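A, B, C and D label the chains in the order they appear, each numbered from 1.
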Amino acid sequence: MLTRASVSFAGRRLLHLSMCVLAGSLVLCCQALCQSPPSDTPPFPATNLVAKDTPDDDGGSITLSWTLSADDSGGKNDVIGYEVRRSKDPNGPFETVKSVSKGTSGVTDESKVENDAGYYYQVVTKDVGSETPSTVFGPIQAGVQWFNLGRLNTLIVTLIYITLLLYFIVQAKKGAKLFIRRIAGLDALEEAVGRATEMGKPILYVPGISTISDVATIASLNILSGVARTVAEYDTRIIVPNYDPIVMTVAQEVVREGFLAAGKPEAYNEQDVFYVTSSQFPFVAAVDGIMVRERPATNLFIGMFFAESLILAETGASTGAIQIAGTDAVAQLPFFIAACDYTLIGEELYAASAYLSRAPLLLGSLKGQDWMKMFLIGCILIGLITLNAGYDGFKSLFDIPLTIFR
Amino acid sequence: MTGMELFWAWVAAYLTLSIYSFLYKDNVFYKIAEHLVVGVSVGYIFTINWFQGLHPYLFEPLSKSGEEPINLLRLIPFALGLLFLLRISRKYNWLSRFTIALVMGIGCGTAIPYTIEARLIEQTKASMINLFDQPSLWAGVCSFIILAGTIATLVFFFFSKEHKGVLGGTARVGVVFIMVGFGASFGYTVMARVSLLIGRLNFLINDWGKGTYHFIFG
Amino acid sequence: MRRQVPLLICFVAGIVMLAQSFIPPLTWFYTNALAWARIIACIALFIGLISLVRLHTTKIKRKSANWQFSMITLCALGYMMLAGLLTRYGFFIWLHGKCVSGSTGDGFVTVLENAFNFQDIFLNVQIPIQATMFSLLAFYIASAAFRAFRARTLEATLLLIAATIVMLGRVPIGQMIPGISEITTWILDVPNTAAKRGIMIGVGLGMTSTALKIMLGIERTYLGMKD
Amino acid sequence: MSFWRFLLRMDRRIVFILVALAVIAPLIAPLNLPISVSKPVRNLHRAVDQVPAGGRPILVSVDYDPSTVPELRPMTLAVLRHCLKRGVPVIVLNLYPTGSGLARDAVETVGKEFPGSSYGKDYVYMGYKPGVTLVMMGIGEDFHDTFPTDGYGRQSSDLEMLNGVKNYDDIALMIDFTGSAAYEAWIMFAHQKYGCDVGAGVTAVMASDAYPYLNSGQLVGLLGGLSGAAEYEQLIDWPGNATIGMDAQSVVHILIIILIALGNIAYFATRRQGQTAQAAGRERAGGS
């Protein structure tokens, strides 16, 4: 039932008014119309209207596309926009489901589209004084897809990665020998805790200013667990101000367990792991206050940070504390590098848990990460070679969403 | 400027100067401002949470309003939230883990495909460049440098092998790229930060200073 | 029960979320999970409130250092919560006025809305303090550069040279040096892009692997080690 | 203690004072550092400069809101000053409610600076008018129909300079200051439809989006961000807030570079004096 509009309106192009009307609010332009209707000829219609079920979704949606009217950005250039109209009957009546500005050649209709009902569509080209409908397209049905083909490449990469990780985790479980390179910032952790003990001063641990669903926060809490244990062994006090209540709860749990593991549960003070506020700069103001008043010997800023990174690190530096930072926020790394003694850069943050605990399972996953890196570098190189040899098919496998099946 | 506006301008100016006094050293003005803003911000967040979180997401779906049917499913997160509140109980605080586990699971499960798409696939694709299809020879060279730098930086993050030999050399090139990139970001940010300071000074001079002057002298 | 059930919940929730991104009919879970997480986060704030109030009341009770200031926090908190709740719908009117019609939203302003100066306090206490804290960066960026940018090693030298060139290339006085703008653009576009991309991919790998380890229960410190 | 060693141990508060001075000093005593003027700014300046004094007015639309004031207000003032200085009449209007106070403030500020010019003869403020594109079209049909009164409620017909203004034909140049895409609408209506020359002042972030219009000649000139405003101030020889702002930026940037340089010289000088790396390595500029 593919009907395509291909009507010529050449004879109607008598007047050539150099009018140009902005793609602004259609409503406003309609008001203009009410006030002083300018004399006008109807614009050329939109052509080649095609509607199809929106791919890779759970139904309730139809995607339309058309060729712009000859008077849109060309011809008289007086089109102000298009109205998409829909009906269950090819003869109408049609109801408007969407209005778009000029220069738009496609929309997705999601307004109460019933699955498996046949719809007819029409696109109406509007200018200030008149409108021209396109030919009707239909019927078309919206449906449910059971697999998102556009994400097939994501699924494959995910599966490859998971397989690599699991393989090396299993190898590690079997007792394979695993090496891990030095990470200076983590080597310094114990020294930093020791220093605080010597000086009889506390340690400050800021687990970032994000929520628990941020993986960087989780990585930080894993490091906190190692730090808490060392701290307990050294009989030092640890202060953990929090930005998020759920993170605080987990931090309390983690620190308590650390003291328990070190055999000193009585030394744990729940009020040292506390909530401050979930507002960025008020939080920073409070942590700055803690740094200058409690004068911790060591400051650890590990997790997700934003612009406040440098405020924290510079205030900490002014108190003479040893500072170790770690974040995957690329924009903040330069400031931590400048103001802290050691900085865990990006992926090092995620490797920390394995590094500190040396748990074989975690070390295994690190090896999996490295293999995935090699896989990606390999992909880049293959892509580079094929692309420069004039074949872009390999690169298109990395399109998001994947379009090769469409 | 009305008298009330002038009053608030003075409050804001006083607090602004209190914060700046911290640059000299910690003092009573800073402490007041700091403690005040912690209280105010939590109170504000509480209100926002209530009216823009609990109200539309929990109270409204559970009460009959408008055409939407009652969404009893919302009782599940409500119950989980209550379990989380058991944190304060010594005996039942372990129940809060159910909630934490759920939130963590949702977070991790959502993060995996999203991260793989945005950080792995997209970036890998962006690295595949046609070196010869460039506006100039120099542009081609630059594209190649970006590519080499990306790979070298990635090599720096190899953990399971000692950084010696070729691997070590490449990793060192990666460090060079990282440091130049960080230096550039640092230098680039200065202007934005100075603008913030200019903005505050403008407030002090124009809104507060001149505002007060005009209020008194007309 | 105390360990296995949470691990199972985490695993199932993770798998469902993972699956929904590939199977369109499951997106229902995602939409709901977002709302659920939001509700839980809102309720969790009460725990934060309790922690905050406990901390400060303890300070006051024990008369520990700076306990007087804790009273300020508690008073401000109490007042804002009360004012916020009492002006409930007025608050929305205010927001509407601010967001939709801007400074001329006087028509929406009711007596109820600002009966307790809720938004005045927000706008004239919290906002200026936030903006001023933020602007401290102008000072700190200078002191950090002065202290840290020393040509001790090759890496540090590169860092400081790149920073210096870009700083020069950003301001009119520096742009008078011939070629500086071009070099600045080049540094920002070429080595900077390469480094960021490499770090991004690495971070992506680390994040995914950590997320997976949490789901599988390999990384379970968040639950505590023993029970 | 040698100068270099003093530098290495310098209290960071000295750095803070220097930064504060570097920002405040240009506010008190403007340095007016030379600014190289870019072509789009020069073009807009020329366009304004070529409008004959006392003839057809220039139409200025102030369409920004408080968030973009730091960048857009200085350029608005600079252009208004240029007009009044030259005796070119200006019509100021405003299409977005959030900017009405700002537009009025700009007109009144500049108006006060030119006691010789008078309201209604040399400049008028037409106030906020809802409808955006509707207003733009309305001016093309009949200015007085669109604006029966000015921003203070006076009858437009009573304002001398508006007597000869019927539509865009009677407007020499239109300039839009905006943090949004409003300038595109002005191009479409004032320029494309009614053939009036259009210039624009936008934020630094948006400037790159506006360049294509410049190349196609749809914009006669463009001011981008604080630096664009500073360049315009340079051209009219009237250093204002933008020049001061750019002065402050230049001074702070140079200050930081000098500090870095001094720090390094000090570092190497003290090392040569036989300082152990340990002593130099652990220096902290932090006082207290």
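Basically, a residue touches a chain if its C-beta (ideal position, glycine included) is under 8 Å from a C-beta of that chain, and two chains touch if they have at least 3 such contacts.
Quantities reported herein were computed from a predicted structural model and do not represent experimental measurements.
Any chain that touches subunit B and also touches subunit C is listed here: A, D. More inter-chain C-beta contacts link the pair A-B than the other of A-B and C-D. Placing every chain at the mean of its C-alpha atoms, the farthest one from subunit B is found to be D.
Between subunit A and subunit B, the centres computed from C-alpha atoms are 13 Å apart.
We define each chain's centre as the mean of its Cα atoms; on that basis subunit C and subunit D are separated by 32 Å. Distance between chain centres (mean CA atoms), subunit B to subunit D: 30 Å. Centres computed as Cα averages put subunit A at a distance of 35 Å from subunit D.
Along subunit B, residues 19, 22-23, 25, 31, 33-34, 37-38, 40-42, 44-45, 84, 87, 100, 103-104, 106-108, 110-113, 115-116, 120, 124, 127, 147, 150-151, 154, 157, 178, 182-183, 185-186, 189-191, 194, 197, 199 each make contact with two or more other chains.
Contact of a single residue of subunit D with at least two other chains is seen at positions 12, 16, 19, 23, 249, 252-253, 256, 284-285, 288.
Residues of subunit A in contact with two or more other chains: 151, 154-155, 158, 161, 211, 213, 215, 218, 246, 249-250, 276-279, 281-282, 285, 293, 317, 333-335, 337-338, 345-347, 351, 366, 369, 373, 376. For subunit A in complex with subunit B, the touching residues are 151, 153-155, 157-158, 161, 178-181, 211-215, 218, 246, 249-250, 276-279, 281-282, 285-286, 288-289, 292-293, 331, 333-335, 337-338, 345-348, 351, 363, 366-367, 369-370, 373, 376-377, 379-380, 383-384, 387-388, 394-395, 398-400.
Residues 101-104, 138-139, 141-143, 145-147, 149-152, 160, 163-164, 167-168, 170-176 of subunit C touch subunit D in their complex. Residue ranges of subunit B in contact with subunit C, taken from their complex: 8-9, 11-13, 15-16, 19-20, 22-23, 31-47, 49-51, 53-54, 57-58, 73-74, 76-78, 80-82, 84-85, 87-88, 94, 97-116, 118-120, 123-124, 126-127, 142, 145-154, 156-157, 174-191, 193-194, 196-197, 199-200, 203. Interface of subunit C with subunit B (complex): residues 2, 5-7, 9-18, 21-22, 30, 32-33, 35-50, 52, 66, 69-70, 72-81, 83-85, 88, 91-92, 118, 120-139, 141, 145, 154-156, 158-167, 170-171, 186-205, 207-208, 211-212, 214-215, 222-223, 227. Residue ranges on subunit B touching subunit D, taken from their complex, read 23-25, 190-191, 194-195, 197-199, 201-202, 205.
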